[in-house]
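For clarity, chains are labelled A, B, C and D in written order, and residue numbers in each chain start from 1.
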Amino acid sequence: MSFTQATISLTDNGVMTMLKAAISKADEVGQPQCIVIVDASGETLGEIRMSGAKFLSRKSALAKALTSASTGGASSSIPETVRSAIGLATEGSITGLPGGLPIRIDGVLVGGVGIGSGTGEQDVAVATAALVAVGAQI
Amino acid sequence: MSFTQATISLTDNGVMTMLKAAISKADEVGQPQCIVIVDASGETLGEIRMSGAKFLSRKSALAKALTSASTGGASSSIPETVRSAIGLATEGSITGLPGGLPIRIDGVLVGGVGIGSGTGEQDVAVATAALVAVGAQI
Amino acid sequence: MSFTQATISLTDNGVMTMLKAAISKADEVGQPQCIVIVDASGETLGEIRMSGAKFLSRKSALAKALTSASTGGASSSIPETVRSAIGLATEGSITGLPGGLPIRIDGVLVGGVGIGSGTGEQDVAVATAALVAVGAQI
Amino acid sequence: MSFTQATISLTDNGVMTMLKAAISKADEVGQPQCIVIVDASGETLGEIRMSGAKFLSRKSALAKALTSASTGGASSSIPETVRSAIGLATEGSITGLPGGLPIRIDGVLVGGVGIGSGTGEQDVAVATAALVAVGAQI
């Protein structure tokens, strides 16, 4: 095994494109949102709190993004039976709340996007719009 | 869309008027209370821990105030099925405990008030008295 | 004295306009930056970590933004003799590092912008570009 | 030595009287202030952030109040040579910034008051006014 391996990462152009697409979708849905994008190490790349969004949803949107970046799956795919235990063991970073999706481009998990303030369906719709904008896997 | 939008904020006169009314109601009810008032971004504007109130209720009163300032609803309106999950994902900032009410004046959400130390009914009665004192929507 | 007072706040359109202008200036300068924008209570409205920016500069950029939003002045205007003391007393939130500027529009302090990763001069240049983009006072 | 000893503590009436006197003095001085009052264990009893005060001064005002409640002296009496070391060792709770005064009534140290947002002189003047209002030792 080699000491290093090739990977890819999101550029700021990718992040801004995702934020703009998410805002556009949130406007269309009529629900202001908190939007958070993290990299493959969970470090924030970009975020926006839209006018009228719930300010505490910044925290839950971050947890959703972290969950998806770490697990590679939708935040809602955390099994219900372990949600409390995993949430506690990760100081709230892992959540089963819907609205977190992994950002997978060219087969590589490059991070996660988390959306919060709306219903679960609204949050997922906005997260999906952000993924579509950069050609990420849905 | 403009770069800014008009809004209103609570003055310290408004905050002191709310604190006095809450203390007066708590005295009437016979239950000393922790009273916390936050602005529309969740930053504390004023608080009082009455003689005989539970000191840890400062924390729950803050969570109640934050919940109402963020969601625009009573803290007790957080659906029971998601309370644990949202509480974990927001580091305890969102709570379903009764005693948090939004401060909405002239149609604008200007913050939240949270009360803690009594029963749910006592906490809500004191929060309501604080709202009435500044002509906020009940 | 009234219970409320009129004010204004930044919209997400204002925040996105500032982020885009800051990125554009950083590209022109050739120094990737961390860009943080907070509201008048210090709650984050938006942020971007550009490709190649220092990830820990997210923290210093936040401190710069908070400093300017709280004091209404440039972060660099904190007197040198009190920087350590005030930094300690505010858990690092107040900093004298250059790169934080207040966002003042129509005479109202609506928040702060903080930039970090470059030299002090580069950080201030990028912060200034963000202010110009929304017609804020320089 | 006995297992217990008599002491006295501030009532909420005492705290509200101090807050009102501090606000009144701050209005007279023309500098909005953050005012924090803690008990003899450093637990917050009351606080107000006046309209136009610096929101980060809540933190430094708390540190000043804690310093005076803990040491029984003015925050500014912490010797300059040890300020950094003690500040670090107490996670910023001890500060030498002026504006913190002990609340000593009938010879008993019942807490501390901390003021922040103005000059050192303004902060001390407001803290003193709060002490005078409850007959505390100056």
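What we mean here is this: a residue touches a chain if its C-beta (ideal position, glycine included) is under 8 Å from a C-beta of that chain, and two chains touch if they have at least 3 such contacts.
Just so we're clear, the structure is a prediction, and the values are computed from it rather than from any experiment.
**Q** What chain lies farthest away from subunit D once each centre is taken as the mean of the Cα atoms?
**A** A
**Q** So, what's the distance in Å between the C-alpha centres of subunit B and subunit A?
**A** The computed centroid separation for subunit A versus subunit B comes out at 30 Å.
**Q** Can you compute the centre-to-centre distance for subunit A and subunit D, using the mean CA position of each chain? Integer Å is fine.
**A** From the centre of subunit A to the centre of subunit D is 43 Å.
**Q** Go ahead and note the Å separation of the Cα centroids belonging to subunit B and subunit D.
**A** Distance between chain centres, rounded to whole Å: 25 Å.
**Q** If you look at subunit D, which of its residues touch at least two other chains?
**A** 51, 55
**Q** Hey, how would you classify the chain contact layout here, line, ring, star, complete or other?
**A** Chain contacts: none of line, ring, star or complete; other.
**Q** Just spell out which pairs of chains touch, all of them.
**A** By the stated definition, chains touch in these pairs: A-B, A-C, B-C, B-D, C-D.
**Q** Tell me, which parts of subunit A touch subunit C in their complex?
**A** 9-12, 15-16, 19-20, 23, 32, 43-51, 55, 58
**Q** Using the touch rule from the top, collect the residues of subunit C that touch subunit B in their complex.
**A** 1-11, 13-14, 17, 39-43, 105-106, 108, 110, 134-135
**Q** Mind listing the subunit A positions that touch subunit B in their complex?
**A** 51, 54-57, 59-60, 63-64, 83-84, 87-88, 91-92, 95-97
**Q** Per the contact definition, I'd like the list of subunit B residues that touch subunit A in the complex.
**A** Residues of subunit B touching subunit A: 5, 40-42, 66-67, 69-72, 82, 84-86, 88-91, 93-94.
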